[in-house]
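In what comes next, subunit A is part of two complexes: it sits with subunit B in the first one and with subunit C in the second one.
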Partner chain A sequence: MKRLFVEGVGLLGPGLDGWSASRAVLAGKEAYLAAATNLHASDMLPAAERRRAGVPIKLALAVGQEAFMQSGCDMKMASTVFTSSGGDNDNVHAINGILATAPREVSPTRFHNSVHNAAAGYWCIAAESREPSTSLCAYDASFAAGLLESATQVSVEDAVVALIAYDHPYPQPLHAVRPIAAAFGMALILTPRQSEKSLAAIEVGFASGKVQESVMQDAGLEALRSGVPAARGLVLLQALASGKAAQVRIAYLEENHLDIRVTPC
Partner chain B sequence: MAALQARRSGLIPCAFEDVDLETYIAKVGVLDGYRVRSDLSAYDCRNNRLAQLCLEQDGFVEATEAARKKYGAARIGVFLGTSTSGILQTELAYRHLDPQTGALPPDFHYAETQNSYSLAGFVLHYLGLTGPSFVVSSACSSSAKVFANAVRMMAAGVCDAAVVGGVDSLCLSTLYGFNSLGLVSRFPCRPYDAERDGISVGEGAGFVLLERVAAANASNPMLLLGVGESSDAYHMSTPHPEGLGAKLAMRRALGSAGLKPGDIDYINLHGTATKSNDASEGKAVADVFGNSVPCSSTKGWTGHLLGAAGITEAIIAMLAVEHGFIPGSVNTQQLDPAMAIDYRIERSDARVKRALSNSFGFGGSNCSLVLGRQA
Partner chain C sequence: MAASAQEIELAQLIVTSLNLEVSADEIEPDAPLYGEGLGLDSIDILELSLAISKTYGVQLKSDDADNNKIFSSLRTLNEHIQQHRAK
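Coming up: the complex of A and B.
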């Protein structure tokens, strides 16, 4: 696959309040201090939509917006790939509760926010983007699936692609069977050509076989990486933050993985 | 195929679990007594049963097995669409929470049933494949969009062939959810009818094995000629009133196929039979194609298969090409006079070389496919 370029990064997680604020922590120059994810409704949305926005929409819009602000790309013209192991997990829990008892009155907003592509729908409205958008899930491998799909889009369609990954915890009782450690989102603006804003070139390779995954150097960040499917991408941000060339490995499904070569621009 | 030719609709009065809605559904009756293969029993849920039942039709497993021998298991991707996956399993489990602890029943398997990826994980294991895989869940465009994913993966050299498709099965979330939006009809759905008043929810599944043209065995193979994707950027559950996103998807599909509107011989419309979908899509089709291309929605047969609508209608479009006919539209009595398109209610024989199939979903997610034979 062709080389692609990272032109913007968005990040929001526990103790990680934006990419620019977290770069030094990811590079190992400052200590990581865990704190609740600073969730806020995006000013990209009209007031009515802002009120209806659940955690995934807040995460997706915050990291997408941050990533685009660093890049020279127009969010209106970029394709988008959203990836998440779950979706709106609070909402799914609420709907299951409503359906288990009479009367089964699922509100229209609850229903349309329950689709896996709700964050994508809100993003396209907020960004005024009519470009292709897809919403993926591959359970624990959702980040790898999103990165592979984004890389093929940049490579084959010659498109600018925003990859937006997010996950957040289920309430009980689902949390017990699918524990997700924290609310976490990250975004990458990926372009087919280098610009003065490019941070690094990356080459994404799909390979067979199980491998030792790259890990985070800090134990707290490693717990986050392994505890949230969307945070599997943190190792890529660690490499980008270091400003050095690196080879990053991310597990994909049981019998394959991604090899990613990162070269700073 | 026989049901299409005989104009036999699958819609029946709603009798599913204890759902108390007055509506029609398309239900695969045999699923209740059916189980998934015993080595994959953790995946057992209505959605994966339907997936397996479908995989076992039409020699699909044998065709995939031949491809596996040819390319290797790691070189075949699995990209599937679903909107609700195995959520029915969770809906039922929430009725049986532990009265003391509130815990889910011990036999509840989240990853293998509720999670959206459950479907692709099940199919990957069932077929013994190890290539790249994910689920696309973009509501009712899901199993059309997977064609685009597969084409890109093959073009980028990530795989040599791909199993694409989609499965969605009946569940309470969908029935009560669409009902809350006032989008469920009390009658069998009537696409493009002046009196249309909503959808009939259905369940269904479909799979297609895609290979590169050079690798195809047939002398005059069925081709995926083009794909077009777009977003409405308008509203979460209502399509753009002028069909802007729909037009963009259709034009992009024609562009990627290198075809003009007049090259299309049949359009399988999304045609859900809601007021807003058919009005918006009708305008978009009239703008792009005028009124000279025969069109119809086949949802009067199948109901709205949601995440499986794209694949089902892509297969119907290919049947129209293969057997040379325009399926028409069942249940539609009186065509909406506002539709400035060549909407066909009756079935007819016709030479169909290339067909376009539309799939549009919540969140303003649109996809059009062009399928057919090379000129």
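Coming up: the complex of A and C.
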């Protein structure tokens, strides 16, 4: 596949309060200390949207905004690919609770937030974007599906694409059957051409056959990577943070995977 | 005219149900709720109608011809609720 370029990174997770603040931890130069994910509603949103924003919206906008701030790209003009295994899991839990009890009157705000592309909608309001937007889910392979879709769009459409991946835990009892370890989001600004802001070139290849995935060097970060679908992309951030050439492997659905070659710029 | 106890109670319901960034005592009884003023939009009005139905037993319908009047301010909304409340 064609080379594309990473021009910005956004990150928000437990003990990972932004890409800039977490780079040394991901590169293994500083210890990883788990802490609650620092969630806040984006100041990019108008007041009405800000007060309706659930955890996924907070994650998606924070990482998207951080990634664009580093890049030379205009968020208004970029295509977006959002990917999440579950979407708004707090909202799913609350709506299930309402539907299980009479008179089954679902809150309009909860209904409004229940669609899988809610984050895309809030993002387009905040960024004032009318560019194409795609929202995906692919269970544990949600990050890989998002990266594959983004890389394809950059190559085929010759467009700047923001990939925004996020997931957060279900409350009980759903958590027991679909455990997601923490609230986590990450974003990549992917461009078709190198610029002075490019961090690295990446080539994304799709391959068949069950193979060993890349893992995180730190045990705590590895628990996060394996415990949150959106965090499967952490191995790519580990490679970017190291500043060295690397080959990263991320599992896709069934017995397929992505092979990603990372070359620093 | 200052807000009555009933109006303050309704203002509190509005703040809580809509997760507003203002406090109940900051809602002027005669200021518009919709659009300019408190800045509520159509989703807020639907959300508020549900909260009022649960709290006061007053059904507010989206096709009621008097909606503009009912929702014009905290005071008019409270008057409508007090006239029709079942709880």
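Convention: the second predicted complex is superposed on the first by the 265 of 265 C-alpha atoms of A that agree within 3 Å, B and C clash if a C-alpha of one lies under 4 Å from a C-alpha of the other, contacts with A are read in each partner's own complex, and residues count from 1 in each chain.
Here is the rule we use: a residue touches a chain if its C-beta (ideal position, glycine included) is under 8 Å from a C-beta of that chain, and two chains touch if they have at least 3 such contacts.
All values derive from a computational prediction rather than experimental measurement.
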Legend entry - Side-by-side fit of subunit B and subunit C on subunit A, or clash: fit
Inset, instruction - Give one of first, second, both or neither to describe whether A:C137 is in contact with subunit B, with subunit C, with both, or with none. - result: first
Inset, instruction - Tell me which partner A:G87 touches in the superposition: subunit B (first), subunit C (second), both or neither. - result: first
Inset, instruction - Pick one for A:C124: touches subunit B only (first), subunit C only (second), both, or neither. - result: first
Inset, instruction - Examine A:P108 and indicate which partner it touches, taking first as subunit B and second as subunit C; both and neither are also allowed. - result: both
Legend entry - subunit C versus subunit B, contacts on subunit A by residue: B
Legend entry - Contacts of A:A31 with subunit B and subunit C, given as first, second, both or neither: neither
Legend entry - Which of subunit B and subunit C A:M69 touches, first, second, both or neither: neither
Inset, instruction - Mind computing the angle subunit B to subunit A to subunit C from the CA centres, in steps of 10 degrees? - result: 70
Legend entry - First (subunit B), second (subunit C), both or neither touched by A:R51: second
Inset, instruction - Kindly classify A:M77 by the partners it touches after superposition: subunit B alone (first), subunit C alone (second), both, or neither? - result: neither
Inset, instruction - Minimum C-alpha distance between subunit B and subunit C after superposition, to be given in whole Å. - result: 7
Legend entry - Where subunit A meets both subunit C and subunit B, residue numbers: 105, 107-108, 112
Inset, instruction - In the complex, go through subunit A and note every residue touching subunit C. - result: 47-48, 50-52, 105, 107-109, 112
Inset, instruction - Would you mind writing out the residues of subunit B in touch with subunit A in their complex? - result: 74, 83, 87, 90-91, 94-95, 97, 102-104, 108, 110-111, 115-118, 120-121, 124, 130-139, 145, 148-149, 151-153, 155-158, 172-173, 176-178, 180-181, 229-237, 244-245, 248, 361-365
Inset, instruction - Within their complex, state which residues of subunit C touch subunit A. - result: 18-21, 39-41, 43-44, 46-47, 50, 53-54
Inset, instruction - Using the touch definition up top, name the residues of subunit A that touch subunit B in the complex. - result: 1, 85-87, 92, 95-97, 99-100, 104-108, 110-118, 120-122, 124-125, 127-139, 141-142, 145, 148-149, 151-153, 155-157, 172-174, 176-178, 206, 208, 252-256
